[in-house]
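Take a look at the structures below.
Two complexes follow with subunit A in common, the first pairing it with subunit B and the second with subunit C.
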Partner chain A sequence: MTELLLSESEKTFILHGVQQNFRGDGRTRSEIRPIVMETDIVSHTNGSCHLRLANTDILVGVKTELETPLPAHPDRGRIEFFVDCSANASPAFEGRGGDNLAADISRVLARSYASPEILNLKELCILPGKTCWILYVDILVLEVGGNLYDAVSMAVKAALFSTKVPVVTVSTVDGGEPELDLSDDPHKATRISVQNAPVLVSLSRIGNYCVVDSTPEEENCSSASLLFSVTPKGMLTAVKKIGGGSFQQTSIQAAAKQAVSIGVEVNDKLLQKLQQEEEMGRKREKIGFLL
Partner chain B sequence: TPGDVITRDAGFMRGHGTYMGTDDVLYASVAGVVDRVNKLISVLPLKTRYNGEIGDVVVGRIVEVQQKRWRVDTNSRLDSVLALASVNLPGGELRRRGAEDELSMRKYLNEGDLISAEVQNIYHDGSLSLHTRSLKYGKLGQGCLLKVSPSLVKRRKTHFHQLPCGASIILGNNGFIWISPTQGGGEMDTSEGGGGGFTQNLEVVPESERETIARLRNVVLCLAENCTMLWDTSIMYAWEASTKYSIPELLNMDAMRDVAHLTQQRLQMDME
Partner chain C sequence: VLRMAGYELLSDQGLRLDGRKPDELRQIKTRLGVFGQADGSAYIEQGNTKVLAAVYGPHDMRESRLRPNAEKVVVNCQYSMAVFSTGERKRRPRGDKKSLEMSQHLKQTFEATIKTELYPRSQIDIFVEVLQADGGNYCACVNAATLALVDAGIPLKDYVTACTASLMLGTPLVDISNLEATTGGPELTLAAHPRSGQIVLMEMSHRFHIDHLPEVLDVALEGCKNIYTILDKAVRRHVSNRGASIGWDKE
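Take a look at the complex of A and B:
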């Protein structure tokens, strides 16, 4: 993805490090770099999250809108993803360069959230066939520092966790259309259950081993990556291969096992932290962008 | 910080990074350190591209191979130039550079390779001319490259250090720091072919040396994040302060701040 140049010896160094399970910064193949995250910082959205994973910076905003449901699923709401790779993130994203990657990411997210067990979309329905909530999830990639997919998925999950959907009361008017009453009270809002929301885990193949959370230098050394979408229960909802290298069947299975164990752990910790943040209540100091 | 008052004394000349307010007061226009040379006051910004001086040691990456020279990226405003005549070719010092040498430039230095070199000259447009005409400069082998701000690297007598913890470090003035395992036999053999043939060591680096390199890397990043100057003493102090953390723990913000803080304290005690 990046146009980073590396010398032969640097690549050899990284390759041998991966083989010895000791990467350039001391991590093992299955360790992730520290993550800093804050939710509920963008004021005009219903939910938001700003996540920073080493040099990767992602901002997600969730907005809820009332629209008509799809004729195929009249009793369900919808969730739509839109990704924008800002030109500030990387020189490769100048002009239309980032559009391909953005489309890729939104497609993967749409696929991983497509299973009906992930989010209870029926909760989002107000009047079957007439009105439902649509969650527009907007993702802004501010900086690229390796491991884009994972960071995006974590930020999306956190933003959805913090989303407050306004309470709607339906009052029927005599002989006419039912009227919807949107509660203006910011404290009366329903939350979306993200207990089953998946997190993407990308494994880059360097030599004969797969590493999680690769830096841009490691990404340059890898031939291909496998992207797994893992729910907290350990189920896989989407799988994607990125890059031009090839995988053997046994290595795909081994990678899947590795991804599931890492994904379950990440989901767990993420939810823990989100709940901790929630407990700090409304009075907590919002630090925002000046991290 | 921008907007800060530097001095109210009107007798100074304005240098880079300053401006005069309406009331004859000198303000800073960039975030950085105040530098005073007799009557000239300037502010050296913290985040800047590398401005070369003759005699500086730099670490650079080859980005292009041209007719009789290589173009090197040194984190400056313009790419630097390494002429074919400025490198040591295999076969001895005083060889005439013939046409075959030109055609086989790629064999010595290819795109993406890292070199350590010294600034020989500065062109009018500001780009640097490098040379590797000494056995200690040349192509770099296995190791780890770090990019920090050029303003954090102190100007010292030597920039090649063999640290007692068991690894070698090159502090390029341009902000590129190269950490590598110490080659067996004392002095680092980084010459491009002094003696014929390339000594590119592609053997597996043992785990103990890898640990040292990884720890050094994280330690240098700790210091860089907290805007501490980098030189061999500060890095060693930070190394000693970091031993209580495991290597991956040093990637945490709190651990970074702690290590940098302890180092700064120790350096201050030294100065007193």
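Take a look at the complex of A and C:
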């Protein structure tokens, strides 16, 4: 990211703030910054979401394509994640500079969505062994203001919620190959159930405490972070440690509890807002980046 | 009336596929200062084409691959398209030949526009990201980058605006959409300094007779001047909004 230079006094100030549960911007250790989100704003996609978490800006587009299923799972569709760190976020991401970070994020997402109870991939199968839907989830990181993983996971969940998969009717021709008829009607579409989709919660360790939704300055002061993928029911589907510091076993257990309670709440609020947005229906004015 | 695969590219009433007249630009919406971290940033929508531009600089040269120039600033551009920006999903956002060529075109355009002699031994980065591609991608990038440079406060000789033009059955069309570009005829892309009329970049695909070139060029140049009027208004509105919030009008 763009160079962040913090003096020792600034670092000490952040450390003391965290100790007293009153961070630089007034938040407690478990509070998240304001989130602004809008779905269905990119026209060539089946589902999309633009999410802004304070200064972190993410744009996700979901495209559905018909392809052959993997031989190991002929009765299931697939979901694939691709992350692109735009140079808009930082000159360091020019060319292939952001590829490492992007690969990290897509791997974590793939692992957190790998559990079979999360998405019903069997619904995406059309003709077993021959044709299935593949969901290409493409994430574009436009600005980094701390807490990248969490913002990306929320945007992905919202984009999947808004995804409209076209209806396919299979007609069997006598003696020939079954024919697939893709409906052109934008109103006849199936939705993907994200009732069990997880949200990533990263906790950065500053001093002896873990804080959620760290700002870039706080990230600079933290020695290591723990990333938890939490489903709405409070189950963990992926855990990852980021950074060079180390944790005691008890710290990890405490962090897991904190992450699960935050994750369940975030999932709940996110779903509430998505449903609210859905209810606005046609009356909703699409703003995108214009405001 | 020219018909192609069931579409009427130019109807009997002289209207195009999206209802525009041949000399009408698509609707332009802009916003300056979209991101806080970049030195300058802007967002532009031209019809359904949406582009984000960010400018970093001037700053000292970080990379060794670009050699510092003792007389002028080095302009470094990157053209990137979001993987979901086109109808068919793209495999890679950048790094392919088309994107590299576009990056070079942007570099050429802005080297001619920025007052490069003011920042020797330094570098200015211009990064454009196409969020939705519906024709005139390069032009939207140039227009967005001009706004981003203005937002960054980098001195320019003039605005640089870009516009496409085409020829359909003897009628020149301005600001081509993707559908018109793929099913229609030639496409002329022009980047110019609107106030002086100086052309900074010109590129043409397909072919038409050289006799028609002046009128298509005229239409494109006119398009560039009209876009300049729109962008100028947007910049003034943005500056007056910013100024009003810190009390400039309270003299």
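Everything that follows uses one rule, which is that the second predicted complex is superposed on the first by the 288 of 291 C-alpha atoms of A that agree within 3 Å, B and C clash if a C-alpha of one lies under 4 Å from a C-alpha of the other, contacts with A are read in each partner's own complex, and residues count from 1 in each chain.
Methods note: a contact is a pair of C-beta atoms (placed from the backbone, for glycine too) under 8 Å apart; a residue touches a chain by one contact, two chains touch by 3 or more.
Predicted, not measured: the structure shown is a model, and the values here were computed from it.
Under the clash rule set out above, the superposition-derived model of subunit A with subunit B and subunit C contains a clash between the two partners.
Looking at the shared chain after the overlay, A:261 reaches neither subunit B nor subunit C. In the overlay built on the shared chain, the residue A:36 is in contact with subunit B alone; subunit C does not reach it. Residue contacts after overlaying the shared chain place A:115 against neither subunit B nor subunit C. Once the two complexes are laid over each other on the shared chain, residue contacts for A:26 go to subunit B alone; subunit C is not touched.
Look at A:17: by the touch rule set out above, it reaches subunit B but stays clear of subunit C. Once the two complexes are laid over each other on the shared chain, residue contacts for A:8 go to subunit B alone; subunit C is not touched. By the document's definition of touching, neither partner reaches A:131: not subunit B, not subunit C.
More residues of subunit A lie in contact with C than with the other chain of the pair subunit B and subunit C.
In the superposition on chain A, A:190 makes contact with neither subunit B nor subunit C. The contact surfaces that subunit B and subunit C form on subunit A in the two complexes do not overlap at any residue.
Interface residues of subunit B, counted against subunit A in their complex, comprise 61, 63, 110-114, 140-145, 200-202, 204-205, 207, 210-211, 213-215, 217-218, 246-248, 250-253. On the side of subunit C, the complex with subunit A involves touching residues 29, 31, 34-38, 41, 43, 45, 48, 50, 52-54, 56, 62, 76, 78, 80, 82-87, 89, 93-95, 125, 127, 129, 131-132.
Across the complex, subunit A meets subunit B through its residues 5-10, 12-13, 16-17, 19-20, 22-28, 31, 33-34, 36, 54. On the side of subunit A, the complex with subunit C involves touching residues 2, 42-45, 48, 55, 57, 59, 61-63, 65, 82, 84, 86-91, 94-96, 136, 138, 140, 142-145, 288-291.
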